[in-house]
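Listed below are the structures to be examined.
You will see subunit A twice below: alongside subunit B first, and alongside subunit C after that.
== the complex of A and B ==
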């Protein structure tokens, strides 16, 4: 049995009220949406806020639809992952994102978890996602309550893994995020949202709320795909994830290609040099081989998950190839 | 203690709970509905699965306040009086329960599936139950039971 610590629960109706509650209570408050990440983490005493501010009463943070000009798809941050995965517009225009949302955890968790929460998912590590008792026995770790990183032994930087499925796709799609805090509202590119600090790996301030995800939709031939490696085909977080988005000319040659790999380090990695390899060419086996090789050379997973890091690295080209082949017909 | 109002299995229920209680704790320790099980208690195993507004969710990581004003259905509410729900009956007939600890959660996931999709394929049943762990049966009899219940509900 894992008890929660005592806290007060607030359920405001508007973004402004929620932002002002978070500002008022400062470090004593945390926002909650689906709760699928925060609730277990609180049960493990990774977070013990005195005030929990629920965003679930805020109707303005729901809905999936195009803007008036029809070139930006807006997904409210409170949309459940199950709804993002099955939404016809998302499936048609962003198949990789729909696929990723449908591969998060298991069915009940997708009925609860939201896309905004997935974007803000805390990083994960074998030495962090454990009970208070377990962590105390080991003397805690760099990310929470301790001074030693049990993964690198000597490192001064937390290497807990970014483990969310939707952000690599949002980055590949060039999406942006809307954040509202006490200072007002700002937009940030999904590609700039994450930093290489395993302790706090996003640029969201503690009193800011991610209110929506905005994805640019082009009229050109756009395709995207997602592949996820995990021990079981349900419930588990990724050991490796690959998101790919490409723009193609009418003759099927590549105009632009973005590959993003994650679950290895504290932030998703945008693979360098892909457009140079593929531009003007069709995605034939030789080009796919070259892209996979290029991906492998950029990825060096650590033992932040107790699964052999060399095997996870060896799976990079395999999953990149599968994801590239998955672009066909989408 | 604070007062929470829940609509559980069609009944309006009121109980006193600490503000940090989960829905599962309110059901089990506030209302005495111990059918929903406390397994891993952190959202991995599915033993605490209940149906809220028609969808299977995990009550062990749902703050109790998020269930206020919503329609909560637990394993205690599946049968119609003494008449078992077809899924329950088929679990019995197919030997789909051994120790029984995971069964309430699997029944809820199954009923939520059949309410939405009356004639699921074997693959759809497997997918819908992929968030419920069973350490006894190997799942085949469970899938058989859900298939048989679907055939009875939507012949």
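== the complex of A and C ==
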């Protein structure tokens, strides 16, 4: 079978201990929570840290609940995706996020995988998520051990795809992430967390830990939805994902509307120009068509996933439309 | 997106039987739903598969594989690997320089490559070390110098090559070494048949390659003992052929070689010939004196492959005004991969197995199998005939459409009948195909659905036939194809020594049911010891759907010999005639006087006292007059043929191209269902596997432009997609029993035939739903979407028409 490389396993009890272990071992250490991304990646020799720091003993990183003011929903980074998907508060206030968490991989993986891990999921590419033998036969790639991007064949930029289900929703919801490192704790908007570099697509420093996800909750009429394109009804990573969150006036007109599309490039894309199309209007079929058209013009999938890129692009307006229609009744 | 299903329905209809009814069969065990004898052990995790076996001092082996699709091996140096602490031995191709091949006429593989690698993943060297990690580290220390050669990925280019280096040395000077086999056969006057036809339908079809994806990866353990004996445990479905090849290639006396086949976790044809790991564990154990185990990674399973060949097919089919076939003509190019495997047979099967269940006055096929620098293709469930069946059944649907004849009616009209010969002179005996058509038509509500469902939803039908074993073994001999031995204990227990391979299909259970039926013993008193070449008679293996028919008949033969002895002994005790002694329900009972009885244990003891130690053997061999006399006539000949019909109902999302198969009705003529639960299981599994190939599966490879020619696109179960339970349609099994005159209690095969119609039935249903013909597999969302766009943009047929008419809600 594919084997893990030898490493030392640490299991600290506090965030501070974990951060200091990560700082102490530097590039030789990686954090692990559910392990559903890291374990196969280690078996593929994409990562070979000498020290693996488990976060699973840190109780402070668990829990789902409101802050005292009741305007921020806090989800501990260690919360399992299955728990996020089924939590009544998440389902009521952030249905799109609950839907997304429930569509990650399959049931066993959702019982292990955490929301913090999903936020930090490594980018994926057909030339990268392969065994050491396979990648050696290929001659490796820009993201790992090589010098060539086999997707673009030109350029020096890795285009591995952001493939996590929950971040597009967190971005659409205006969520922020808490990160703790040796220098202390900082908050960063989920929308600013990701960068367009497929090699390393987040602003998390190697010795920082995502400890919690914080979602602002307003009392207005808020709705959100999520659509995931994949060939099977379970297991698969998205070929395209669409997360939408909207604030509505009492008369049903749009106060604000955010659409995020992902699984195309290294970073989830916040669709531009949506508010000007929809603000002050109801989401009727003409507005939805215009939003879908606007989304299509901004999305250009690449062959980083082994499925027909032209079809994936054509699915952008279809899935945007369906996600917008899905806002009803949520 | 396809809709989520809360649960998958399974149901089995009551068997539809020709002739005798249940009560008239006089059978007590056969025909009843029963557990598998190994079911509980497997479902509770107690079954010990090959990888569960461990020995003290056992070493772990690993095989170094080629990163090149085609290259000469200039040099191999294993000295650095052998020097690594914990490494006990290394082997290369030069240590086993003997070619082998499952078909004796095409031996073209070495256990490890000697001077040439032919695909990315071809084995070049192996090591045995104290543990797997050390073995993996040792592979990095083996130095191989390659000289790259041009690679062929496309079978047409391989066939067009006019000079070397070919993938294999030409068998004769001037031949093309990229061709495994060409078969051209013609029966009747095809050109005249096509010319006289009222309509002629012509089409090009492509069937993408698919692989078996058994859950258990291949695994083998070799144990060479000091006494000269060699034992190999292997997850194989052909222990007998492995036994022969191990002895031949390793140059040891076959009498000192023992092959043991532990429970196998799925095979589907992917374990039906020897593989590199079996030779390597044997050789490494002979070198080290230690047991050596090799377990493939999932990636290696994809490289070892032997799955379904990609077929490029052209069909011309002629029919008269009434839809009666006048002639069928085909040209097929098969992409064989790097080695022959069963390819010679596959090439024949691509044409030979199409000639039923429909009458064809004239038929011609011209099939060529090319070598390419990719993992070797071989037999996968429905070997060689699933691909042509897809093309041909779509052709029939097109004829029905053009002639405005209901597709089921068209198939009825062309029915070949029972007790007849096909155009290529294969003998057909029992044939329940019409009942299969009736069943799927009735159960699916066909008459209310075909051409009557709203746009986006449709039904399709297809039929097929398949062999119940091959008339001739892969190596010529006159001995039985199947043998069995029974032995009776003084406790009343019956032991069955069976050489057949239990691969999940239920063969161990099948022989237990037969013994219980014939001797009247409770099932719990039957023990089956199987798959050990030291102790079990030869059975040729679990392939070509041969085992129930052949081993079942052998088992009846053995059991009836034993039964006769028991009847004699009991009759003597009672002063009765042997025919008056009935064995049933754990008792010997006197016919007409049920008050006179004794426990079977006592009856067995009486027989042992009369005849000595009680046991018997039984065997089966095929009839030899069931085929024609032309060259190749024996290939495709079978003692009996199964027949199947499917109706599939689909929903097509025209915006996305997603096809949801809502339900498949599967009617299958298995002769007699020895255990209807197992038959239905095979029917469901087959239909599922065909459905998977129809919608998802693709064994495809990167091109040079994509970084490395011949590199497998996605050798993992994440990216090589097979359907999950959420994707699987509802399946309804409709068992048809034609009671075959030569089958055990009338049984025929059920393990492979029911796969065939899935794919064309789905293709035909897609056409009924949205008016596009899917002629290339798989019918994945992008392909269906493109086909729909092409119709919209161009020829404007049913999609545009129905859309204009406002039919259907999917748009």
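We take it that the second predicted complex is superposed on the first by the 330 of 330 C-alpha atoms of A that agree within 3 Å, B and C clash if a C-alpha of one lies under 4 Å from a C-alpha of the other, contacts with A are read in each partner's own complex, and residues count from 1 in each chain.
Here, a residue touches a chain if its C-beta (ideal position, glycine included) is under 8 Å from a C-beta of that chain, and two chains touch if they have at least 3 such contacts.
Every value quoted in this text rests on a predicted model; they were computed, and no experiment measured them.
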First (subunit B), second (subunit C), both or neither: which does A:150 touch? second
Does subunit B (first) or subunit C (second) touch A:234, or do both, or does neither? both
Taking the superposition on A as described, I'd like to know which of subunit B and subunit C A:106 touches: first, second, both or neither. both
With both complexes overlaid on chain A, does A:2 touch subunit B (first), subunit C (second), both or neither? both
Which of the two partners, first being subunit B and second being subunit C, lies in contact with A:315: first, second, both, or neither? second
Would you sort A:137 into first (subunit B), second (subunit C), both or neither based on which partner it touches? second
Touch test for A:126: subunit B only (first), subunit C only (second), both, or neither? second
Return the residues of subunit A at which the contacts from subunit B and from subunit C coincide. 1-2, 6, 106, 233-235
Flag every residue of subunit B that touches subunit A in the complex, lowest number first. 18-22, 38, 41-44, 46, 49, 55-58, 61-63, 65-66, 109, 127-128, 130-131, 133
Looking at the complex, which residues from subunit A come into contact with subunit B? 1-2, 4-9, 11, 32, 35-36, 39-40, 43-44, 52, 54, 56, 82, 105-109, 111-112, 233-235
List the residues on subunit A that touch subunit C in their complex, please. 1-3, 6, 106, 126-127, 129-131, 133-134, 136-139, 141, 148, 150, 153, 227, 229, 231-236, 306-308, 310-311, 314-315, 318, 322
Please name which positions on subunit C make contact with subunit A in the complex. 1-2, 4, 65, 67-68, 120, 132-133, 136, 295, 297-299, 655-657, 696, 702, 705-708, 711-716, 718-719, 721, 723-727, 780-782, 785-786
